[in-house]
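What follows is a pair of complexes built around chain A, which joins chain B in one and chain C in the other.
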Partner chain A sequence: MTSILTADAVGKAYGTGSNRLPIIKGLTLSVEPGEFVSLVGPSGCGKTTLLMCLAGLLAPSEGEVRFKGQRVTDPPIGLSVVFQDYSRSLLPWKTNLDNILFGMRRVTGMDKAAKRDRAMEILSAVGLTGFDGHYPWQVSGGMQQRVAIARGIAAQSELLLLDEPLAAVDAQTRADMQDLLLDLAARFNQTCLLVTHDVEEAVYMADRVLVLGPRPTHVVREIEVDLPKPRDQLATREHPAFLHARHEVLALIRSMRQRTVAA
Partner chain B sequence: MTRDRRIALWGLSVPLGLLVLWQVLALTQSTPLFPGPVKVGVAIWSNAPVILSELGITLLRAAAGFALACVTMIPLGIFLGRVRILGVILSPLMDMLATLPPPAIIPLVMLFAGTGDWAKIVIITYAAAVPLVMNSYEASLSIHPMLSRVARSLNLSRIETMRLIDWPSSLPMIVTGARLAIASSLLVSVTSEMLLSTNGIGTYLQRSQETFRVDAGLAGIAFISLAGLIVNAGMARLERRWLFWHYRDKTGD
Partner chain C sequence: MNAALQFAERFRVPLCLLLVFGIWQAVHLAGVVPEKFFPSMPEIVGAFWRMLSDGTVITAWVTTFLRALIGLIAAASLGIALAILSDLSPVLSRGIRYVSDILQPIPPAAFVPMAVFMLGLGTKLYAFVIILVTVWPPYLNGVTALQAVSPVQVNTGRMFGLSRSQILWQVRLPAALPEIFTGIRYAATISLIAVIVSEMLAGRDGIGFMIYKKVYAMRSSDVFALMFLVACSGVLLNGLVALLRRALTGWHMRMMERPE
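Here is the complex of A and B:
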């Protein structure tokens, strides 16, 4: 009952009639406040579709989604999505700062100046001090990503849905971004649901990993990650609990792949 | 820079050469129907006040028609792009109207609305409307779905989405439509005066022709070209100001 987000027997299909393509079927999950949950699943299994349903951007065909106990029909306040296609999600005619302020349109109880201060604070938290007046297309892809994350947090967010935010960056940047995300989640009290196809990343970041099956997808297994915080790129990745969880997820994915290949 | 300047000088040499050729040819003729550049220059000087005031009337009507078309047709185009069914129903009609030369409706409108200022403005509005509505419709159809998602995720109303997302992201295509619409407005403004009017540069040109004042007519044409150049330069300036993000210099990636 205290879950911040629940999905109950959610199903989603695209198309109608003979073109009907079921993407999600009987998917149930819950996220507790303050948790960091990773979602891993094979490419094209419907992770983005699921996130859109959770965010109220797509109506599920079956089942229901609840955010803080309220049934989700429209995008609720307090829930932000960082889109997979983040660079297109930023408005090119607005500066980075104005993009973040645009994301704060639904924030109440703050005047213009307060919003601006808050936006600047979050911009500096994502390491973009001095880039507030730049346009998104003037900064690197990694920076655009951080603007998108900042916009999400700034929208008075409690729950961040992150769709493969680190898929397109190089290994070193990726490690830095992982730690930055964990840091931001703690600092701004964000509950996070992170979609990723990188198993190590899923385990490194999360308190819990949800493994999705092939289409039509649902949660195949839930794996608790019992690792000390704050996470550390070296120590955490060498921790027995990390290796154990990683092994479990990889073994499960392999067995699913063999089953689909055999079928 | 110097290279550009050299090219510009070469570009200037062509019209200069033509001017000289024209003067030479004019000197060999002795009819008032073929005035040389000097004579036209004098005509420009002496007729400037008349031409400017007539041209002012013409431009004012063109501007009024164009503005009217902008405030009605751009929102309409965006709206039609957003409400798919309406767009699908109306797009054959738009395609049909797009191929109709706007001056063709002048006699019809004058029959019903008379020959006053408003009748002309209506015709100009129509002429400007077609490229404006078509381009804003197309632009709003081609808005990236991601931007619609962003709008949805902020729970923007339809009007807010149109104003804050659709309008700016369609602006590059709308401006292209506006360029066509401006040309069309000027064309129709002048043409409608030629058909039936007591003032405006179109009437002035017509009268010059009827009185065999070719030099005065050419002076009028010179001022029209000048006005066109100024309008174009103004548009280019606005584009740089509003659409810098569209014509971005890709330093980022």
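Here is the complex of A and C:
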């Protein structure tokens, strides 16, 4: 099977000369079609920077990124980012529906009416039936997030890069959103790369967890999560494999933190 | 209490007018200013009525208002165009910034004598003076607002395959428009001032010229009547800007008005 996304020895530094700040160094990863991969890493280690490089929104200083075998230089069709700052990524002068249609401008093989139908279908899939005519600022933060996810999927996406999409919501909504995301990924055949700082969430959602090290960051360890699907908020979280994976990630993060503090 | 407030809110324009009339009349009756220079309200209204019935004031007003309006439209368009060009070229941006730093503090009146020598006493004079003083607020707001557009919005556009120019037209300009309109609103006031001043100093027609003539003829009630007319023209010009603003950036106004 060929990977849908690969990063090969990617490096990224901001600034030049004495202001040069290396953020990513020698980072290699690959994502297989249909997989759900979680990325965890310390705050400020460069997760957002990495997603920007993977999405073709930022040029890496070293190494290369490939999406479906093609080298990524500009944002490719079939890859959508759900930005960390999702409320700002929705255009406030467009309604929710028009925001989604805006994301569908590169979609081929559909006329206007078909695009509209598709957008409405995805809106209802994220539980926003009846909110198509609202503006993003007229709905709650959680709803805005779902519009952003719907827009990502609607853009004929195969790979979703999700940047801490659930960081700002309360615990109950968070659990619901996790299940919704898993559901959407399966229903719309989305391969997902999810950035999160919540270790339990990372394990609960994923087939594989990648742990990033401190800056300049790279993948420190890769942990397979062997848990039955569909996931269940109660059963999955009590499963021995869940506890085992969670333990491994937490122990690794703790040892990295101790090393950083010592250094 | 609440009902009174609601009433005041609803009829605020006529109420304000009534208030101005009342204070004016009180000052007049108190006799602190010689009657010759401070005519009573009925006299002013009478003067206005006389000028209205002999037709002079209507042609003068149309001339002046059209100058202000056309000047404003031209200046706003030019300001936005320059802001876009500045956005594309940092060198040009710096160049225009120097020019604006020098020209902006100069009051409109100071341009008129120079313009008379350069351009004579015609339409070109008005165009020059109005545009030179009115172009800056839309331009400066435009430059700032285009720069301030959130990188997340720009990245969103790039992610969906928009080119640089598409991002400018479909993302950055709509995002900057509310702030540009704040500049245009300010420019509307300046535009009217510039027209009146130009007409007073170098004009052969228009309300400014009429005021100038009446001042020399010591027709104080006529002068005050014309001044009220200018004030109303300002309100009308602002109203037109507000209308366009609501049509183009209504989303922003509603977003700002919404209860938290």
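Note that the second predicted complex is superposed on the first by the 262 of 263 C-alpha atoms of A that agree within 3 Å, B and C clash if a C-alpha of one lies under 4 Å from a C-alpha of the other, contacts with A are read in each partner's own complex, and residues count from 1 in each chain.
Methods note: contacts are C-beta pairs under 8 Å (C-beta built on N, C-alpha and C of every residue); 3 or more make two chains touch, one makes a residue touch a chain.
Computed from a predicted model, the values in this text were never measured in an experiment.
Visitor: Aligned on chain A, chain B and chain C: do they clash or fit?
Guide: Pair status: clash.
Visitor: Identify the partner contact of A:Arg71: answer first if only chain B is touched, second if only chain C is, both if each is, neither if none is.
Guide: neither
Visitor: Have a look at where A:Ser140 lands relative to chain B and chain C in the superposition and call it first, second, both or neither.
Guide: first
Visitor: Would you please give the residues of chain A that touch chain B in one complex and also touch chain C in the other complex?
Guide: Residues 52, 55, 57, 74-75, 80-81, 83, 85, 88-89, 91-93, 102-103, 105-106, 135, 137-138, 155 of chain A touch both chain B and chain C.
Visitor: Name, in rising order, each residue of chain A that touches chain C in their complex.
Guide: 52, 55, 57, 74-75, 77, 80-81, 83, 85, 88-89, 91-93, 102-103, 105-106, 135, 137-138, 155
Visitor: Please name which positions on chain B make contact with chain A in the complex.
Guide: Chain B reaches chain A through residues 144, 146-147, 149-150, 152-156, 164-165, 168-169, 171, 245-246, 248, 250-253.
Visitor: Under the stated contact criterion, what part of chain C meets chain A in this complex?
Guide: On the chain C side, the touching residues are 150, 152-153, 155-156, 158-162, 171, 174-175, 249, 251-252, 254-255, 258.
Visitor: Taking the touch rule as given, give the residues of chain A at its contact with chain B in the complex, in rising order.
Guide: Touch list, chain A to chain B: 52, 55, 57, 74-75, 80-81, 83, 85, 88-89, 91-93, 102-103, 105-106, 135, 137-141, 155.
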